[in-house]
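Presented below is the structure to which this report refers.
Order of writing sets the chain letters: A, B, C and D. Residues in each chain are counted from 1.
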Amino acid sequence: MTEPRLEDFPARTFDKLRYGDTDRQGHVNNAVFATFMETGRTSVFHNPEASLTRPGHSFVIARLTIDFKAEILWPGRVEIGTCVTAIGRSSVTFFQALFQDQKCVATGQSVVVQVAAETRRSALLDDAARATLTKLLAQPA
Amino acid sequence: MTEPRLEDFPARTFDKLRYGDTDRQGHVNNAVFATFMETGRTSVFHNPEASLTRPGHSFVIARLTIDFKAEILWPGRVEIGTCVTAIGRSSVTFFQALFQDQKCVATGQSVVVQVAAETRRSALLDDAARATLTKLLAQPA
Amino acid sequence: MTEPRLEDFPARTFDKLRYGDTDRQGHVNNAVFATFMETGRTSVFHNPEASLTRPGHSFVIARLTIDFKAEILWPGRVEIGTCVTAIGRSSVTFFQALFQDQKCVATGQSVVVQVAAETRRSALLDDAARATLTKLLAQPA
Amino acid sequence: MTEPRLEDFPARTFDKLRYGDTDRQGHVNNAVFATFMETGRTSVFHNPEASLTRPGHSFVIARLTIDFKAEILWPGRVEIGTCVTAIGRSSVTFFQALFQDQKCVATGQSVVVQVAAETRRSALLDDAARATLTKLLAQPA
């Protein structure tokens, strides 16, 4: 499998590393990778130009897989590439990659489900959401 | 000033250290001390036997001072002692201390203000809250 | 698949929830689930009675998958069950589950690799480590 | 006291807000303010053009005070202004301010001490460090 490149992802954002992201092994703690993945997903869900959030609904994560490829070292920033690989009736599957200094340090997949806030049950994606997510479909690497 | 002892505090709770609390210096990161102080305060505000929280109101922190006396080292737990040193019209002043293996590793002071959720303006403490807080008045060390 | 039970896991530990673990959705943030999984793994690696860590070596995570089954709500604690499902030449595969109030709120799998600190290359598990890990083999649920 | 302005601080940096910085009250958790303050200080200590760190030494925080003036709301970024208000024999006193959308949301003071890594005892600031810190002396607001 070839390595993903940031420019292959339709949605791109970043996080700035913080000193406290590191742990006693000297590198950024593995749980913070999950935070970087979340930053990528929320940049899609809360995109001010095409927000996917609807009153009375929210998106909750059902599954997250992270493949750790290299350490992330403070200081600096992490570039986050996000694309959609599948759109279900009420769920979205994302593929993401993290980069430090142009090098891919992790990839991840996540399944996120729209739920109704009151019932906590899954709620169908509407046409506007499907259209927005369709534009993010890609197959990097 | 003599060193505070956990048993001198009327409210006592703990936090369990997490691997990710550490930073690249090998010890628990300084910002996590603020989290431990918050654990002590919330154990008072959300005490199931005498909760201080009222519908439509919340407590927000106005000032926090932490004196760092020693490193906290993972693994283990931190004991948290909390007492009230002053009760204002809508505010409470806390004195707190953190302990690892019986040793005082930090002390802290914080001022917390009750606000109305809607207006975000300060709201008077009611009699029940004042009575609860009065029981926590102490002057350790 | 039947739901895993805490008592089916040979290694059991816990984390105490912190107020700051929550996010604006009102529940514990998804990245903190990765932290709870780490707490379970480090309780195995740094078990004072049978530590797996060797001078000049460390364990790094290669892959993490989390299946989110229910929200975790503050306050309280999370029970963490950990077992080994496979032992490779230099790697270990864990299966874990998180519980709040006896209810399974998440399961996870992780692959961790022993590396030499200097070269950052994978290093064979020694016999003592293999013996310790073998005692943790289980297939909950 | 007039409100500090970012442009009055000789050292300026930022942090990008993360979804997980928020807590169940809907705003950025108070302990994260301590992290933002740390970001400002480390940008001074680890400035690639004039690093204050010396082999065998590190800077540890002795005291931190934060005055919380307004909520920080996700998403966005926080601008961090940092200046030096006093230089001791082995310690530095910082004054800092946090801004969101040009508004000052918190100010802070911190005392940081240089210690020798091995003895954990305070170690004198050398002339180069004093010269660097002197350039950051200011009295905003």
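FYI, a residue touches a chain if its C-beta (ideal position, glycine included) is under 8 Å from a C-beta of that chain, and two chains touch if they have at least 3 such contacts.
Since this is a predicted model, take the numbers as computed values, not measurements.
**Student:** Same residues or different residues where chain A meets chain B? The copies count as same if more than half of the interface numbers are shared.
**Tutor:** same
**Student:** Compare the CA centroid of chain C with every other chain's and tell me the farthest one.
**Tutor:** The most distant chain relative to chain C turns out to be D.
**Student:** Would you mind pulling out the distance in Å between where the CA atoms of chain A average out and where those of chain B do?
**Tutor:** Using C-alpha averages as centres, the distance is 35 Å.
**Student:** Whole-Å distance, chain B centre to chain D centre, using C-alpha means?
**Tutor:** Centre separation, chain B to chain D: 23 Å.
**Student:** Residues of chain C that contact two or more other chains, please.
**Tutor:** Where chain C meets two or more other chains at a single residue, that happens at 19-20, 29, 31-32, 35, 38.
**Student:** In the complex formed with chain A, which residues of chain C make contact?
**Tutor:** 25, 29-35, 38, 58, 60-68, 71
**Student:** If we count contacts the way the header does, which residues on chain C are in touch with chain D in the complex?
**Tutor:** Interface residues on the chain C side: 19-20, 22-24, 26-27, 29, 31-32, 74.
**Student:** How about chain A: which of its residues touch chain D in the complex?
**Tutor:** Checking each residue of chain A against chain D gives 14-16, 18-20, 35, 38-39, 42, 46, 75.
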